[in-house]
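Two complexes come next, and they have one chain in common, subunit A, joined by subunit B in the first and subunit C in the second.
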Partner chain A sequence: MTVVELALAIVKILIVVMFLLNMAAIATWADRRQGAMVQDRVGPNRAVVYLPSMIVRGVVFFPPALLGALAVFTATRAMPAPVAVEALVIGAQFAVFVTWLGLLVFCAAARRGGPINAAEEALARFDPRSIFYAGVMAHVLAFFVTQAVPLSAAPTAARVVCVLLGALLVVTGAYTALRVPEGKVALRLLGTLHAAADAIKMIWKEDFIPPKGDRLLHSLAPLLAMFPALVTFAVIPFGDKLCFEDNGDGVFGFADLPLLKRTVDQAFTCGGHVASLQVADLNVGILYIFAMAGTGIIGAALAGWASDNKFSLLGGLRAASQMVSYEVAMGLSVVGLFMIYSSVRLGDMVQWQAEHAWGIFVQPFAFFLFLAALAAETKRIPFDQPEGESEIVSGYFVEYSGMKFGMFMTGEYVELITSSALLVTLFFGGYHLPFLDRDGINVVFGETVLFQYKMTHLAVSLTYALAFFGKTILMTWVQVFFRWTLPRFRYDQVMRLGWTKLLPLTLVNMMVTGIVVLAVDSAPEGLRSGLQVAADVSHALVAVGGFAAVVALIAGLLEPIDRQRTLASTSARFAAAAGGTKASPQQA
Partner chain B sequence: MAKATPSNPWTKPAGRPVVGKPVPRPVRSADVQAYIPEIVKGLGITMRHFFKNTKEMVLGQKPDPVLHSLEPGVTTISYPEEKRPYPERFRGIHRLTLRDDNSPRCVACLCCSTACPAQCIAIEPAEYPEGDRRQGYERYPSSFVIDELRCVFCGYCVEACPVDAIRMDTGLHAVPYDSREQFIYRRDLLMSLSDREGSRLTANRRHEPGDPTHPGLSREAADH
Partner chain C sequence: MEPLDRDLDEASLDLPSEPMLLNMGPSHPAMHGTVRIVLELSGETINKADVQIGYLHRGFEKMCERGTWTQVFPYVDRLNYVSPMLNNVGFALAVEKMLGVTVPERCQYYRVILGELARICDHMICSGAMAMELGAFTPFLYLCRAREIFWEIFEEETGARLTHSFGRVGGMARPPTPDFKAMVRVGLARVLTLISDAEKLILKNRIFLDRLDGIGRMSQEDALALGWTGVVLRATGVPYDVRRANPYMVYDRFEFDVPVGTRGDNYDRFMCRQEEIRQAARIIEQALDQMPDEGPINIDDPRIVLPPKEEVYTTIEATIQHFKIVMEGIKVPAGECYSYTEAGNGELGFYLVSDGSGTPYRVRIRPPCFATTQGLSQLITGLMIPDVVPTFGSLNMIGGECDH
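Moving on, here comes the complex of A and B:
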């Protein structure tokens, strides 16, 4: 291992740990916020920081101004034609995005707080949805217009677009800064500060150890509960492999790092050095995850034992038996996937899904089995009997306070995020996006090529990493929703579900998958190419469905609420049907 | 054929089978038993509420709290961010009204503390100092204490007051405090409270003795 590989490993570990810990803190907030939004409560929003308006103006103005300066700086540099084409496309898309988002925000502000000038008055008359639809149209239009620009004119066009983008960013930032009200501005960030306040509180709280508890094990248990949750992320790839060109000495050194290969082909032929975007590319892959997740039992069981409390002991026992039971179903439910992917390395699995179809389409049944087993493994609702507030207070961590309790909570949420990442990797294509290959966008059905757009290695890798983290966050969001939807199972129901339902079903799934895999392997060529077309159609489904979902979501959020008065009583309804009783409202 | 067990004639009359009211049983069809479709349905419901409420919060379009409660659906009022508007004549925390020169209107007649069924008002009357035009004519409260924990908010003190010195029109309700001591409202605190429009005076302006508008007896005209 060279020094640069070591440095890269440290950077990758930092990325993963920072992502996990930050997301755990955000997830504790998001969990509460989601519950509040489902049940129409206020939710966490007491923590507040009052900022002087000058500072808020700075915060609002400087990031877009910096980005704008960067765009203008890009425009002033020398651009070879291929760079210019990419800069043109990206710059145009960003410019369109900034325009519609800025207009939308100003429109909302004008509608809410009243327009402050004639332009805002005109803007407020627009339906926000039409601004958004126009933005989507402009995105598509800008893409095709920038594609049509001839290669010779590309550098000039790219410069113009970059300067335009810079100006747009600066103007939008400045106008937003102008709209910041005078005086102190209350910064609540929808209650995100609450998580920070909670952490500060937990650090300063008394660290209580029961007098007759086991001091050593009591302190060790939170560590053991948090550690496996953190390390399971090590084998999950959060992006595609990177290819660096060699600078001539044949050794992977720091001088090679700026030499990221411009473009790679689909087969990833790399003459230089390869760096994978995962902390450890182990050949046991997912088996390592199962081994580490199994260790998580010990933390909960030890905490229950060492606390010298009967509720804790019950919780610890429940945690141990439940996690051991569901470990079996969890391991067996993905055996079908191993057969199909014919690998246990997570990178290979993602690659198979990129070339064929996502795991949810080839093993939909295993997805539900795995999801249930995973929820039981992470001790989340509906499988949170080890905590079971209504039965055993809070189970195995009832005797914990301060930061030790905080570590259990953090560990639980880190587990949640790791499990989401695992679900994404196994069933939702990992970092892969439909039709986005290593060399760019290829809309291909079987052998028919519908559309092609080449992208650089850097752009594709960045998109892949963003896609992975985005999908993980989305999956976490869905998993948290189970908590606000489902009631807790009874303990015997959990055991019965695990052993008499999930376990046989995983075995059946395994056998059926084995037979189907054998049948497909010995099938004629025509059927297999037909399957490939079906796989490409599944990609198309995901792409179209995802796009439609995003558009529908934003449009739905922008849709104005029109309320109609419902009449409470029948006599009021009769009166209304008769044309009303009084012209003026009743006086007190 | 097995012999039927004899029924208890007290609870179950012989010869007549007991027919209970049919109770609707939970549906146990295959899709309910499979659990997953039901989960998806439940997720749909929670997500619908989530998006509706998120949208209202982000866009600041929370509905009117009074009219909203007439509508179907979740109608929570997120107190204390949102408050139900109190009616105009709501009896809230007391206040002591002021004269134009910011002295208390109270003449320490003890009518309110006498009328108070909860006995939560304690007044110490004092004479105005020598030379004050009100000296010998009326008194003032050197101490006026209301224990808001004992108060039952009946409003008798307001009705008993002959000079409109105590009112309950602040629109405030009793606030949660840490200690009992904080619920003891003293004279200066009561005088600093205002009505909902922000006025610390009273609607019934007082005609002081000596004012040309004063209709009653003056000290000079009186023979006692």
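Moving on, here comes the complex of A and C:
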């Protein structure tokens, strides 16, 4: 391992750990703390940081202004044709994005705080959703218009678009800065400061060890619970491999880092040095994850034993038996995937999914089995018997306080993020996006090429990484959703489900998959190419469905809340007369 | 070095196993801070359960003996603190029975509507808390939101959200507000939609049903022998509802069904509560239609009901009358009586003894929870620890009225 590889590894570890810890804090907030907000209880979720408006103006103005300056600077540089095309496309998309987002923000501000000029008054009359829909259409239109620009005119067009984008960013930033009200501005960040408040609280709380407990094991358990959760992420690739060209000395050195290859082909033929975007590319791959997840049991069991508390003991026992049982089902449920992907390395699995179809389409049954086993493994509702707060108080960590408790919590939520990342990697194509190949967008069905668009290596790699983190966040949200909806099983029901339902089903899944894989391998060529077309259709489904889902989600968020108000009680009426807004529960 | 197996015979190689004693409560999330169950466990199975009550004992009955009859109302608020209005009405009816008076019709309807609103609140919170303790948090939030609507109505009518102290001997503290009917109609419709929303989340959920179905079964005979009343008795199949069996106030004028279960398990208790909410809504709708908009709320008897404030401040007769009622209390004729109503958890009885002075000689209550809680240990013996949670939750044991 060269020095530069070591440095890259450290950077990758930092990225992963930062992502995990930040997401864990936000997930804790979404999972545990929202209750306080829903019930309108006063708590740290109301925490506000007051900023002087001058600082807010700076925060609002400078980042767009910097980006704008960067865009204008790009315009002044010499641009060879392929770069110009890319700059043109990205610049145009970015400009459209800034325009509709800016209009949306100004529209919302005008609707909420009242318009301050005639333009805003006109803007406020629009439905925010129509602004968004127009923006989406403008995105598509801009893409095809920029495609139509001939190669010779690309550099000029790119310069114009970049300058335009720069001006747009500066104007939007300046106008937003103008809209910042005088005086103090409250920064609440949706209550996510609650997570920060929690962390501060936990650090300063008393670290209690039960007098008759085992001091060493009691202190060791939270470490053992948190460590495996963090390290399992190491083998999950969060982006495609990067290819650096050699500067002539044949050794991967720091001088090679700026020489990122401009474009790579689909097969990734890289003459220089390859750096993968995963902390450790182990050849045991997913087996490492199972091994590490298995260690997590020890933390819970030790905590239950060392706490000298009967509730803890029950919790520890439940945790140990449940996690051991579901480990079996979890491991067996993905055997079918191994057969299809013919690899246990997660990078290879993502590559298979990119070339064929996503795992959810080839192993839908295994997905649900694996999801259930994973929920049991991460001890989340409906499998949170080890914690079972209404039965055995808090289970194995009932005797923990302060940061040791915080470590259990962090471990649990890091596990949640890691499990989401694992689900994404195994079943949702990892970092892959439909039709986005290493050399750009290729809409291909079987042998029929419908559309092609070349992209640079950097752009593709960045999109891949963003796609991976986005998918992981989405999957986390789905798991938080489960927790808010489902009740929990009884302990014996969990065990029965694991051994008598999940385990046989995984075995059946394994056998059926084996037969199908053998059949496909010995199938005639025609059938196999048909399967490839079906796989491409699945990609198309994902692309269309995903696009529609994103549009529907944003439109849904923008939907004006139609509140039906009945001021039935005098207190509500008094408040309304005084111009206040006592939220009457009679509102619809 | 000594041999390790120096005096081990075959029998002592078995692991020693003795039942584990586990104190569940009173500070335990599922025990509401009001009860302790000493469990004898083998593994997670309950071999023996010793239910210990008394953690909310406040000497309520003794306290009642040191004030006037009217001063008992704040105490009865705190009996079943989930549905205080029903206790208020129950106690007012008991004293009125001793006095031999009947409140005007408008007041009877008013009491019925407020009481049924309180019953809906009671059942909603019981079902919601049960779902929450099983891990389903969202239905609880929905139902809390629904309860909030009714509490707003109570706040508007009585000035207090929870401990109303609104009942009076011979009437109510205040007449209904002009918007009362409109408010209840709007609120009731919203609450019923919220309840169906909450039900949709849990009643088709296999996990939830598995936790309730067939757990904590009680036979009809045992339930009757234990003196169970209310929802828990009806869930075993006995159609005993005081409102139907012995109609008080104007309950004989309404059409409503008495839901009964078949097996007396947690599921039946849960579903009976949900159905009773709907029946209570039916009663409220009929009562709203039948309730006259005009007419007195309090009986016209200056010895029982306080005179209007403007007369107290302007005429000497009213001042003296006010003084006598407040300082000496209402003179309830000597004697004793037992009066019972259908409260949130079942038959709430008041056994009153009067010596003819303005102060109760003895107030003895018959709380429905006391009888219900007796059956708890029988219900949970043989089940597992997690089953304690829904079983205890479905009994809706309220410490305030149990520890009397």
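List of remarks:
To be clear about the criterion, the second predicted complex is superposed on the first by the 547 of 588 C-alpha atoms of A that agree within 3 Å, B and C clash if a C-alpha of one lies under 4 Å from a C-alpha of the other, contacts with A are read in each partner's own complex, and residues count from 1 in each chain.
Basically, contacts are C-beta pairs under 8 Å (C-beta built on N, C-alpha and C of every residue); 3 or more make two chains touch, one makes a residue touch a chain.
None of these values were measured; they are calculated from a predicted model.
Subunit A has more of its residues touched by C than by the other of subunit B and subunit C.
By the touch criterion stated above, A:Leu314 is placed in contact with subunit C alone, subunit B being left untouched. In the superposed model, A:Gln493 lies in contact with subunit C only, and not with subunit B. In the overlay built on the shared chain, the residue A:Gly388 is in contact with subunit C alone; subunit B does not reach it.
Applying the stated contact rule after C-alpha superposition, one finds that A:Trp484 touches each of subunit B and subunit C. Once the two complexes are overlaid on the shared chain, A:Phe368 sits against subunit B while remaining clear of subunit C. Contacts of A:Arg380 after superposition on the shared chain: neither subunit B nor subunit C is touched.
Shared-chain residue A:Lys241: touches no atom of subunit B or subunit C.
When the two complexes are laid over each other on chain A, subunit A has residues 38-39, 484-486, 566, 568, 588 in contact with both subunit B and subunit C.
Partner subunit C is touched in their complex by these residues of subunit A: 35, 38-39, 310-311, 314, 381-382, 384-385, 388-393, 484-493, 566, 568-572, 584-586, 588.
Interface residues of subunit B, counted against subunit A in their complex, comprise 36, 39, 42-43, 45-47, 49-51, 53-61, 63, 67, 70-72, 74-76, 78, 81, 88. Of all the residues in subunit A, the ones that touch subunit B in their complex are 34, 36-42, 45, 108, 112, 368, 478, 481-482, 484-486, 553, 556-557, 559, 561, 563, 565-566, 568, 588.
Remark: subunit C residues 20, 22, 28-30, 44, 131-138, 141, 144-145, 148-149, 152-153, 155-156, 177, 179, 182-183, 186-187, 190, 201-202, 205, 207-208, 210-211, 384-389 touch subunit A in the complex.
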